[in-house]
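Dropping the structures in below, format is structure tokens.
Look at the two complexes coming up: chain A is in both, with chain B in one and chain C in the other.
So, the complex of A and B:
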């Protein structure tokens, strides 16, 4: 599968296309392997971290499906607002397709407009080349329309795959929830059509249980992380969260349980990154997605620690549970819609002051000393909110640095100099 | 134009309700020629007493029929819409069994339900089981059918019959009446509604039945709740006012079909019987429907600022997920939108604790008595149903290691 399967993306390709494909794959694998190596080189790695890194290695370096996904109907989702519970209810497995891939980005760069965000360009690149199995094998792609780029990518993807755009409301009021419930009913219908299996009260309840298991373990982890600062490298935690994109929730949950058990057993003992005093940074802003983890890696390689992350592909993406208050089918759908819209601190919403409160709370919970505001070039919605975040953190006396970056390694040296200075500044203040 | 039409329809609805309250004594549901009170246990189980419970059976049957009818009509209506029709079978069919992943029962819920059941039994049957007088005080104190001579706390009856109060009692008794009523309202506030009221118990039981049957409820939005506000205030006016216009609020009040009838008072039911059917149907689809317009509850709620029972909020811990608002039977929205104040007690709040129960953020919401938190929000509790029972993953040991960690079960702190 690994050797031959990856080259079957396109039919009847010419020699040039084949050469392009092999170059693409080689470059892609090299970058991903390099970042995985850097993740490992941070050291102080819990043993139970291995399955998560293996998953990332399998998807990005081996370019194959993880075993747990073999033979399953895959549904691609692009955002926390597409409820995974519904996908499980339809007997399929959701994979998160938001991409941080540099090689795919360079392909997509040629097709998408210059000012489009790199995430969307990378997604476009993967779909365009058809070389990534996880993109190729999706029976449906659910794209919540959270910004203009996502809206256009939904249209572009439709040429190659079945796409369902989810209309995300611009507000979070009662009417918006009602509207999103309707949207989820439509989504459920499409899922049934695609998978051929029926969504019933029972399957939805078991879908919710499946995701709930993962959320239980994540909540357990976060409670532990709040109580023990510097439990793990932030980059390692990001790798754990990114692996969740390519694993069924129950498989991820049992790996997570082993990680929790190991951390618990370790207790106060050594082997924690925080055993030395390091400046505690938080990252917020545009999504940070493997393999584009240069910013978190730099933070930790330069002597800081990523104490908290407020990005949608990190902890935030899974931590809010759906709270069912009405035990009927509709009650569960409402709980899903409510969870997708109300606690979501995505800047797609016109009024997003709740994100400010969340950042304030996280600064307090994780004893954050400095905030890195990550902006992907072209990600306007996050950039819009920088000013307010800077203002509020300024009042709190927390320094902020805005890092604008793209999916390539050209700016690494510049990022390094700025981050180094920022970390020194925090050390000096402390 | 549209606005005027809305106003006009509101005025018409209010006028209709006023008329209904005033004429309720002329709309018989079940009448007897005389009033007889059951006073001992043997009599209570006698056949002629059981016959007195017949109106209750009629009310329950009628409510059940109405609920079935509404479900059927809703189904027909939705079949017009292809997208919705697809899930209609899921939406309103009864499903057996508990949903896996439901959060575990908390100590607070157990306490609330036990208090509610015990008090309802005491209010209704206390007199029969314990006699009607202890140390010269007539009991049960909160029951209007068996206890009219005692002024303390049987406020409900006298509030609806103020002329009786002023005609039959001297100034000291009247002062005692208002004093004791206000004292209880001050001390307990609407905890009375959430914990002690038999009407509340009945409504919660019907709600529980709907949850068990997995039937979809009616979702009320903020706009819907706003429409109830004039109705609430009208009923507050009518409760003591009806008697001056030749009416009798008790003939309208649905509670008449609860404690008096169950306690064995052979009492004629006028419009209250029909009201009770409405309340059963309403609270089946919308939790605590009657509480939303209950005039007595509103009057007690007016004193909420002074009650020692408070809902506390830690504004930054809140993620505005709205779970509390979804769970709130009174539709209090401010509880999740408020981001500055730490006290989010609303005059409509009945202290049922549902918001705290559903809040997934540690310490974001709490029910406090005199400044001490007695029921605290906890992520651990909300996700407790998802714990892998076979593998014995222990959340508690982990989070307990932190200062407060994920917070123990709030009620355990009592």
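So, the complex of A and C:
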């Protein structure tokens, strides 16, 4: 509720606050509805896409909790580094709260330094207004400390919610893994405290099975995607992945199974958006989060196809299953730490050769012809890696364009000019 | 042999180029005004009248530039990056090895990297602020009571160029005004302005793109003072394109000629 924050300290809503709340809600709904409409206007939607779009509509347009989350203890997480398996083991449901919301950004903008990234500003905006159920109703917020902005937002969120800052190592050797295992034990303790239920061998194994089902369906989907280029619009796949942020893993997995079955039944040819002529682009760099999907939308509206998504809201978080070698409780905890740290292509790691491998692999797997390097203003860690990525792609003969953007629509024309020219460049090369 | 026309609807001027058999026949520039398409249509009609051919002799018309989508007189359109890259095939001086194009337009500046076969490898653009563009030069020329065509020659007479540090056109303008108030020679101010523009644009360049030669295009290439500032800043030879202002239009015309003698839809062209 407005007024519970540090601004007033009063419990009742004043007229000013009420009017602010209704304006905030109206503006937020309008923007989100517009982007959902643009997603639908791309056309050629598989029928099984509906539940994913409905989830985004429920959260951002109706501003309500999806049915599958009602009555559940919600744990907010801010990154793929926080293992969801542990949250399920504690009988709770994780939701990913990294935000791409322009309206929330404009509120949070005033509370963070100018050069802070828009993602944390949008998170701060939602938390400050207290108008967004999915943020308001979280029993705990687990914030992996992957950059300076995340570190400071963890501190700021603590004014209104219970927060657990998850210390992420800067390296990936055995010592770093041991350190992360300890951190996950601390996380487990906090989760037990918040939910009041014990994390046992059985509940952790069940949590891992639940996430495993989602990972299995995703791997099935990715196999289709690799085998049949242009299977679906990249923006539609993005919506599928974003919906996973607001659904329990088993619910998402069953919607995903229906999508996979539909794609399988469709067979070659029919209803595929990508003609051969569409340049096949990959997006990498700073997170692309609904409704800030202007770059992927522009790519596909301007004649390209988003063939691969290397950002952390894409397949990164779910494509590597935890591999349990030792079936003890500690063995499972180690498996989770290994999975979170070793294959992760997040620039939080000092040495991120992992990302270079991943990008090279994805360029080959998805027959990528050009790369869009997305940089959110203030997102230094991703911007740092641009030069290396440009160099590596240059060696492969793949053109790359760095697009800097922020959470507003003022730069759309400039993004458009660049993307149009970039898409043309690839068409003329082909 | 058919005629091909390229139209470049820029922020400040509308440029048209008429080519035939890979030769530039005529170029024309007019203020963009508010009726882009009407102006473009008049320019096409003018070409026909002056060279004694009819609409049927036009193979194809391509549009480029900011207003390319509203130029209905054109058969198709192409982005300015591609158009400029094509234009240099006809406008680059003899001996130019394809490498980098610096385009100084009315309200943006861009750098385009070409491979050996003139294909676009990459590009960077500045279109978020007017600093380092033709508009910026116009504003400064006005303050210094001169005209845009005199800015270059005057600056070459400078003995000790002023330092201009502001990176924004509005602040640079106030900086220039204060230099005028302190009675600095306008030739030194202009020379300083060119150096600061060149520095700003050179910062946009990618450090690992060093192959080939550098070519200046766009209205800004007509400014010999700016050209000198680029050579000084880059410490390399900088070539100037023939018909620099028309490079985009010529490129669009060349792309039109590559499109071949498609049957043209003559809608809107009252001939």
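Note that the second predicted complex is superposed on the first by the 416 of 430 C-alpha atoms of A that agree within 3 Å, B and C clash if a C-alpha of one lies under 4 Å from a C-alpha of the other, contacts with A are read in each partner's own complex, and residues count from 1 in each chain.
We take it that a residue touches a chain if its C-beta (ideal position, glycine included) is under 8 Å from a C-beta of that chain, and two chains touch if they have at least 3 such contacts.
Small disclaimer: the values here were computed from a predicted structure and weren't measured.
Asker: With chain A superposed, do chain B and chain C clash or fit?
Answerer: fit
Asker: Tell me the contact category for A:424 with respect to chain B and chain C: first, second, both or neither.
Answerer: A:424: touches chain C, not chain B.
Asker: Answer with first, second, both or neither: which of chain B and chain C does A:266 touch in the superposed model?
Answerer: In the superposition, A:266 contacts neither chain B nor chain C.
Asker: Check whether A:328 is in contact with chain B, with chain C, with both or with neither, and answer first, second, both or neither.
Answerer: first
Asker: Is A:399 touching anything from chain B or chain C once the two structures are fitted on A? First, second, both or neither.
Answerer: The second partner, chain C, only.
Asker: Could you work out the angle between chain B and chain C as seen from chain A, using CA centres and rounding to the nearest 10 degrees?
Answerer: 120
Asker: Quick check on the superposed pair: does A:151 touch chain B, chain C, both, or neither? Answer first, second, both or neither.
Answerer: A:151 contacts neither chain B nor chain C.
Asker: Please work out whether A:175 is in contact with chain B alone, chain C alone, both, or neither, and reply first, second, both or neither.
Answerer: In the superposed model, A:175 contacts chain B only, not chain C.
Asker: Considering only the touch criterion stated at the top, classify A:186 as touching first (chain B), second (chain C), both, or neither.
Answerer: The first partner, chain B, only.
Asker: After the superposition, what is the least C-alpha distance between chain B and chain C in whole angstrom?
Answerer: 24
Asker: Which residues of chain A are in contact with chain B in one complex and with chain C in the other?
Answerer: Shared contact residues on chain A (touching chain B in one complex, chain C in the other): none at all.
Asker: Can you list the chain A residues touching chain B in their complex?
Answerer: Contacts found on chain A: 172-175, 177-178, 182, 185-186, 188-189, 192, 199-202, 204-206, 208-209, 212-213, 215-217, 219-220, 223-224, 226-228, 253-254, 257, 260-261, 264, 267, 320-321, 323-331, 334-335, 338-339, 342-343, 345, 353-354, 357-358, 360-361, 364.
Asker: Chain A touches which residues of chain B in the complex?
Answerer: Counting only chain B, the residues touching chain A are 83-84, 86-87, 90-93, 95, 99-102, 210-212, 214-217, 219, 221-223, 315-323, 326-327, 336, 339, 354, 358, 360, 362, 379-380, 382-383, 385-388, 391, 393, 395, 397-399, 401-403, 405-406.
Asker: Taking the complex as given, what residues does chain A use to touch chain C?
Answerer: Touching chain C from chain A are residues 390-391, 394, 399-401, 411, 414, 417-418, 420-421, 424-425, 428-429.
Asker: Quick one: which bits of chain C touch chain A in the complex? Just the residue numbers, please.
Answerer: 78-82, 119-123, 125, 127-128, 206, 208
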